[in-house]
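Have a look at this one.
Per-chain residue numbering starts at 1, and chain names A, B and C are given in the order in which the chains are listed.
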Amino acid sequence: MSEEKKVIVELDENPEYIINMGPQHPSTHGVLRFEVSLQGETVKYLIPHCGYIHRGIEKMCESLTYPQIIHLTDRLDYLSAHMNNEAVSLCVEKALDIEVPERVKYIRSILSELNRIASHQLWWCAFGMDLGGLTCFFYGLRDREKILDIFEESCGSRLLHSFVVPGGLMHDVHPNFKQSIRDFIKYFRKKLPEYDTLLTGNVIFQNRTRDLGIMSKETAISYGITGPSARASGFACDIRKVEPYSAYPYIDFKEILYTEGDTFHRYKARMDEMWESMVILEKLLDKMPDGNDYTAKMKPVIKLPEGEYFQRVETARGELGVYIVSDGNKTPYRLKLRTPNFSNLFVMNKLTAGYKIADLVAISGSLDLVIPDIDR
Amino acid sequence: MKSIFDYIAGIFKGVWSLLKGMTITGKYFIRLDKIVTQKYPENRKKLKMYDRFKGELIMPHDVNNFHKCNGCGICEMNCPNGSIEVISDKIITSEGKSKRIIGTHIYHLSMCTFCGLCVKSCPSNALAFSQEFEHAVFDRNKLTKVLNNPGSSLVKDLAE
Amino acid sequence: MGYQKYDLAPLTHSIDQYLYSHLSSTWAFLAEMTLIGVVFLIFYAVIGLYLVLAERKVCAFMQNRIGPNRVGWYGVLQTIADLFKLLLKELITIRKADKLLFNIAPFIVIIASFLGIAAIPFAMGLHAIDFNIGIFYIMAVSSVGVVGILIAGWSSNNKYSLIGAMRSGAQIVSYELSVGLSLLVIVIYSGTLQLSTLVESQADGWWIIKGHIPAILAFFVFVTAGTAETNRGPFDLAEAESELTAGFHTEYSGIKFAFFFLAEYMNMFLVASVAATVFLGGWMPLHIPGLEGFNNAMDFIPPIVWYFGKTAFVIFLMMWIKWTFPRLRIDQLLNLEWKYLLPINLVNIVVVALIVLMGWYIK
């Protein structure tokens, strides 16, 4: 009797309404778990729990040679696989002090931009679906298929390309490469305004996203947010501009910057990046040299000289840093990956507190989290 | 007065944006020729993958059952996840020298991540990717394949 | 009028007379009730199943897909197969659920939608009950469903379900108002609550045409509020897939889930039927006063075709809305009702009262 009473008292003293969003939940896009404390429908605080898809990629890399590491980096942020591959390759090339042929640089950048568009398209699908607009999902996937076809034609795979190797590329691109990209740009220039009509202009969408989850520039910098999410807050952090790599120094392009930092402008930054990526693609295609050299001269076994090397690239979600410590062997002594999503995730608590549970979904969608990239 | 005007203008703007969205879905509802999905098993005959599609590792054999693999094991060494096992044999050639040839080239499809390093690193271009993509089987043992055909041998001009 | 040649009243009366002449009055009454019940049950199941298929096909075409195409010709048997699957699935009992309420909830929801259908005039003379307060009755019984949803959410003992149920409660309580007030517009025009007389009053033109601007406004308000009342997108907050997994029916499986699913589609059918009957003339063919030939040609099409055609149109409109728009947030949902639909409705009713008083509508 007395024990029963005690239980009731304890329940009354602890009026928190905690729900677990995830690891299996439609809007976390993977095995991420949010512990959300609610007051009615309002989020009081949120604790992200990650590690459900930890595969120990960094540790695995210590027992693999440098060309073999590439295929593991595909599986970090699988939506920007090409950029991940490029990051490791650039780091190895930097360590070996190898200059890759100019044509390779162009191809790498072209594929990066294509991959960025594909990634943003999928993000658009998922964001629309998070907000309940299910049709967006299919339109985005329909157009993404065209990019995947280009990748399949040249790289042989659609999602996890493993196309970049230290010193160059796996093999030369398809002869049809330039033409198929130009066709895609022509096609997508017509489809992208449809996205705006369907979702961006929609009054429900605007009300759902405007002035929501405002992230100031200071917050963005102190939490280490990178990528379009940070650029929507006015933090100019585009590695393509700050520390140009591959073919980005050769061309001139615009960095998408907004100062508002709300969910709508994080959305807008990504939409504008798709437009800008198409401009970059056209410029790169125009300048891309002809020829068929696709790799620099490399030794069959790559051994990095003893030392520490760091290289960062701009993936679709932000800054990916690769830090290699080599002891002179053919495998790295330690490989650290600074993945963008890991930093982007932990701002969730700050952004969502005080908003509704439906806003939580919108904000997490606007940060564009890819869970395998968080857990590695 | 201005607030009432804004209120009414807001309604009209909102409804207009919704109607514009509806034209997009309405347009595709009518345009059945824009359907992008395919009926998969029915179109199997027409379905053609790109030449470079990495479906499954194979060792091409010519009409006389010759392949190019000399059993060096570089592919096994380069494979990041141990999906290739090369078991080589020794034979005595006609000149009386002992020579290494391929015994069985085992490929574990279940472990393969299709990175393509084996094909790239093969010094004698003995390996290739086929465009086969229907890998589903009922027994996982069937995913372990022997790539060299029984009775096949190294192609003549390379052996000499 | 030409449409009277399709009057089904003689047929129903002859069945009635046949039963009463062969059985004692008690048994005849029971037999008649059973007959009506069975007919409605079959009708309910068939309509429910094929609405699911229709929705899947419509959304597929909007999304550049083919949609279900495996079971039967163009997938016509798909939902039948789904029904068998759901019948065969395990009914999971939740250990900490309130067993009685948990099991009762789907029945409350499905009975509520079932009751509503009884008062709909499907064709001339094809009418289960012709109340003199038909509209009032439909509004009353259709809002019973929310009790089932609340019970389902509460008894599941699941936090997501509870949030979903509470959202649904808030939603239906507010949108009931708009539904009632928008129907009131036509009630003021026609001066009747009886659905059969309401349909008859549209013999010289549908109310949406005769009642011009206020009626068109009321029609759109009704469709919006009706969509909200049936918990359909973009107002599907009660189940809000991306937020609450499946909302109030998260814990239900098998045929109990199917009941919720079926009830949702039948509620949609009910709302569409009411919209078609009240605003678009129900089974009444399209008549334009003065054009005799045109009217006769229209009369040639049986009323039941007119009725289903109009209902299908409204259902398509609701599907079109669902598959285009993102979902609203709970506070925006209530804002839409209390700050937009309700004031519009109230002004509309005052305007209609004035119009009727002055006779400024097409008589």
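As a convention for this text, contacts are C-beta pairs under 8 Å (C-beta built on N, C-alpha and C of every residue); 3 or more make two chains touch, one makes a residue touch a chain.
Because the structure is predicted, anything quoted here is derived from the model rather than measured.
Taking each chain's centre as the mean of its C-alpha atoms, the one that lies farthest from the centre of chain A is C.
Each chain gets a centre from its C-alpha atoms; the one nearest the centre of all protein C-alpha atoms is A. Computed centre separation for the pair chain A/chain C is 45 angstrom, with centres defined by C-alpha atoms.
Computed from the mean C-alpha positions, the centre of chain B lies at a distance of 51 Å from the centre of chain C. With centres set at the average Cα position, the gap from chain A to chain B is 25 Å.
Under the contact definition stated at the top, the residues of chain C that touch 2 or more other chains are 62-65, 323-325.
For chain A, residues that reach two or more other chains under the stated contact definition are 135, 142, 198-199, 202, 204. Multi-chain contact residues of chain B, defined as those touching 2 or more other chains: 18, 21, 24-25, 36. On the chain C side of its complex with chain A, the touching residues are 59, 62-65, 159-160, 163, 167, 233-234, 236-237, 240-245, 323-332. Listing the residues of chain B that touch chain C in their complex gives 11, 18, 21-22, 24-26, 28-29, 32, 34-37, 39. Put simply, chain C touches chain B in their complex at residues 58, 61-66, 69, 320-321, 323-325, 340, 344.
Looking at the complex, you find that chain A touches chain C at residues 17, 19, 25-27, 38, 41, 128-135, 137-139, 142, 198-199, 202, 204-205, 207-208, 356-361. Residues 64-65, 67-68, 70-72, 135, 142, 145, 149, 152-157, 160, 162, 165, 170-171, 174, 194, 197-199, 201-204, 206 of chain A are the ones that touch chain B when the two sit in their complex.
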